[in-house]
Amino acid sequence: MTGLRAARMPSLLGRHPVGLLLTAPYVVFVAVVFAYPLGFAVWMSFHDYFFAAPGATVERPFVGLENYAAVLGDPAVRRAFLNVAIFLVINVPLTVAIALVLAVALNGAIRGRTFLRVAFYVPYVTASVAVVGVWLFLFSREGLVNQVLGPLAPDPSWLVNEALAMPVIAVFVAWKQSGFFILLYLAALQNVPRELYEAASVDGAGRARSFWSVTVPALRPATVLVVVLATITGANLFTEPYLLTNGGGPNGASASPVLLMYQRGVEQGLPDVAAAIGVLLVIGVVALSLLNRRLLEAR
Amino acid sequence: MRRMIVLGLGALLFVFPFYYMFIGSLQAEPDTTVTSVLPDPGNLTLGNYAEINEKVNLGTSLLNSGIFTGGVIACTVVFGVLAGYALARLRFRGRGAVFGIVLLVQVVPFQLLLIPLYVLIVRGYGLADSHLGVILPFAINTTAVFVFRQFFLQLPNELFDAAHVDGAGELRVMWSVALPLVRPALLTVVLLTFIGPWNEFLWPFLITKQADMQPLAVSLANYISNVAGRAANPYGALLAGACVLAAPVIGLFIAFQRHFVSTDIGTGVKG
Amino acid sequence: MKRAAAFVTLILCTTVACGEGGGGGGGDAGQAAAKRGPINVWLSNNPEEVTWGKAMADAWNTAHADQKISVQEIPAGKTSEEVIGAAITAGNAPCLIFNTAPAAVPQFQKQGGLVPLNDFPDGASYVEARTGETAAQYKSPDGKYYQLPWKSNPVMIFYNKKLLKKAGVDPEKPPLATYDEFLATARKIVSSKAADAAIYPAPTSEFFQSWFDFYPLFAAESGGKQLVADGKAQFDSPEGQRVATFWKTLYDEGLAPKEKYNGDSFADGKAAMAIVGPWAVSVYGEKVDWGVAPVPTSTGRSAEEITTFSDAKNVAMYSACQNRATAWDVLKFATGQEQDGALLKATGQMPLRKDLPTTYADYFTGKPEYKTFAAQAARTVEVPNVPNSITIWQTFRDAYSSSVIFGKTPVADAFKAAREKIDTLAGQS
């Protein structure tokens, strides 16, 4: 940070008090739209809570960690957290790899650029209901994939196979959201100084070498962003197990914590239990994001 | 050459489902066999689209979607740039806290907030069946703040040093130095946040009970889950609905995508 | 980062303090019960029901200019209970919803979202006079009616005559009464390749799916038991085991697929049979040459002795309603003999009235295909009206899915574990 000017005077508000002004709208927005419901949810997780009509008199005693104990003792919840871990291990590296390789390839392509960009963007913009329909066609028992594989097709088939359902979802999500991350990388690639490549080629580096020694390090901030965002979206996985494996099937093998929150909180009217799952999930993801950042941003 | 193979294979993989969706939306009779990948001239119809047009007021829905999406994008870009710049480039008290909030907001699943938020906006603010009520929870996209911060971080320090030597104030530096350089990021954010509100179903679905306030995603989802079951080809109706929803987005993307690569930051550094 | 955490905690603490504020209101129930004026009504958005509802509202509005009804569709399907639950909490639910799922009533009631019909002097007597004995199934544990049993869709086995013929089964009288007959027919259908599946209930984990596979057969096999009775689970019994084993055989032998079909398996000819209610008559009437049979039992009880799942949708009055006297009058108007007849004619769904076949004798002589369903409508079982109803169904579904559909655990173990959990759930208030 040597580039920044020394402060004119040491201030209580920091070197650039104007920063407070710039972030104020965002902070107000967060306080109004997120902090209240979130605080409410945390409060809820320590009480025997359910939603009641205005004017109805109901008791909502403080129950301490009872909801958390119930959640942690529930094998379905433990399974869901394990599922999400499996999901992240497959999905995040895959997403980074696909997005990085395709973005770099796309950045240098001359012919068919428009078509290719649109092509990669299409799955991302298409509503999940429709895309899920197509994946069902591909991965169902008599789907295209199994017909191509012939005798090698897994039995039971992909989406009803306890060992394969979650990996298929992880691949699906990587595929669906790559368009987003390709755009991120593509925009970041515009900011990589051309001189770095020229210097590398003067040093006699081949294309693969300069990819590893120039592109990858130069894109590190973007990669941090991709990893953090992919982890977060992954942890909030809901639509895919809801639609693709119809409520986390087979037998809970693709249930995610958010799906359970939906089942417990909205369908079954147990928002206190759902809130406890949510709080645990948030703690886990915050820890993971901080860890990611520390690992990736360390230079 | 290897590059073209990678890209071609990738493109095929990415486009196929959309292609299949489009073909499926034109089928008169549902056909889920493998040969259905190729269009069967005897089984093509525009009937699925005609049925949607008949049951859904596309004009009103599109207008509502436009208001919803436009409102969200405007707020997101303006306030997102301000916050992202401050977080990346300015040192002020509470910066760590604000960044902590950004992370926290990112990680909180929307399902956790859904009903408290609904109660707050409907019971507390009385915003049921209004555009404001639909826009409010999405007004500032935290991912956008995050993206802007990351892009401002990536700009070389020398640029800012030069501007500061010239004696420009922080706001001026942001406006005339930083902002032009992150134009790709600006477009990225618009293209990325566009999708959120455009495809968002659950929230507008809860807030808007009147059909003439519903955005396209909600009208189409209602159509798909309730009316389409009775259509001649329910599966085709579903896919047609998805095509209608996706078409405007793809159109917009085609129109704007070439602006992506138009800035050349290299010259700026040498400057 | 430490400071960030402290700041976030601060925000949380200050906002929690006001967490319980707001809201209030709701009006004095006693006063609201006698008030008249305009009311809001929500309908399911099944097109036939909407047509009926609008005509009903028009008929009412012409006679009551000062107490008009405004009708709106609510999105039906999976999310309809979600919307109602949220509207109750927000205090903007309408007066009446003509699409209240009995399984959701205990939850809405707990939320304080429903008006007990017993608040009206003729409330209980009207419900009981209209529906007869069946009404008792809709009484809440506190002895009050929070819903008016409105219409049912008693489920039966639909079969595709063309496919049965192809399989070498007599399409006019297919042997489907006992489990053995049913299984033999199913095997013929699949081995002859007449259809991919003999029958195709959704093999997925949503809590309500058991209503269309296990529950109707359990009702028939047990002579009309509910899933839970007197606070005790009933399915971990010889009857429940027999039904589970029957379905397990279908899944194990590949007669019923374990993977969801994306579309309508019966309409598309992928399955030769389906478990459906009378709504199917108008939906499949033209597309498929169909026949109908009661659900099977192990011993092959005769059709007149079969009890099945009712799949009812009811009307409830919501506590946000201010003009409750009007709402009650509308409720009676909309479920009177004339409007019930109009509903039957428009939708083919069976109003939950006693003596249905005789009351609308003209209709049923003209449409014999509905007669079987009307006869079946007299012998139906509802979901139990107990606390934690939906959690109970989800618990059962999870056990059923892992043991019967996917064969991961023995049925006996899974049912025993589910029974223990459900007994606890049903015992809570």
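Think of it as A, B and C in the order they're written, each chain with its own count starting at 1.
Rule of thumb we're sticking to: contacts are C-beta pairs under 8 Å (C-beta built on N, C-alpha and C of every residue); 3 or more make two chains touch, one makes a residue touch a chain.
This structure is a prediction, so every number in the text was calculated from the model and none was measured.
Colleague: Tell me which has more C-beta contacts between its two chains, A-B or A-C.
Modeller: Pair with the higher count of C-beta contacts: A-B.
Colleague: Farthest from chain B by Cα centre, which chain is it? Let me know.
Modeller: Relative to chain B, the chain whose C-alpha centre sits farthest away is C.
Colleague: Using mean CA coordinates as chain centres, what's the gap between chain A and chain C in Å?
Modeller: It comes to 37 Å between the two C-alpha centres.
Colleague: Whole-Å distance, chain A centre to chain B centre, using C-alpha means?
Modeller: Between these chains, centre-to-centre, one finds 16 Å.
Colleague: Mark out which residues of chain C touch at least two other chains, giving numbers and ranges.
Modeller: Residues 1, 11, 23, 82, 89-91, 262.
Colleague: Can you tell me which residues of chain B touch two or more of the remaining chains?
Modeller: Each of 32, 94, 98, 101, 104, 115, 119-120, 123, 221, 235 in chain B touches at least two other chains.
Colleague: Provide the list of chain A residues touching at least two other chains, using ranges where the numbers run on.
Modeller: 36, 38, 40, 51, 54, 133, 137, 266, 290 - these are the residues of chain A that touch more than one other chain.
Colleague: Across the complex, what residues on chain A touch chain C?
Modeller: 31, 35-36, 38-40, 42-43, 50-58, 76, 133, 136-137, 140-141, 156-157, 159-160, 162, 246-252, 263-264, 266-270, 290
Colleague: Please name which positions on chain A make contact with chain B in the complex.
Modeller: 3-5, 12-20, 22-23, 25-27, 29-30, 33-34, 36-38, 40-41, 51, 54, 98, 101-102, 105-109, 111-112, 114-131, 133-135, 137-138, 144, 147, 175, 178-180, 183-184, 186-188, 190-191, 193-195, 221-222, 224-225, 228-229, 232, 235-236, 238, 257-258, 261-262, 265-266, 271, 274-275, 278, 281-282, 285-286, 289-290
Colleague: In their complex, what parts of chain C are in touch with chain A?
Modeller: Per the touch definition, chain C meets chain A at residues 1, 11-16, 18-19, 23-27, 81-82, 85, 88-91, 93, 107, 110-113, 202-207, 257-260, 262, 318-320, 388, 390-391, 394, 398, 401-402, 405-406, 408.
Colleague: For chain C, which residues are in contact with chain B within the complex?
Modeller: Chain C reaches chain B through residues 1, 3-8, 11, 22-23, 45-47, 72-79, 82-83, 86, 89-92, 262-264, 268, 283.
Colleague: Taking the touch rule as given, give the residues of chain B at its contact with chain C in the complex, in rising order.
Modeller: Of all residues in chain B, those touching chain C are 30, 32, 94, 96-101, 104, 115, 118-120, 122-124, 128, 205-206, 209-211, 221-222, 225-227, 229-230, 234-235.
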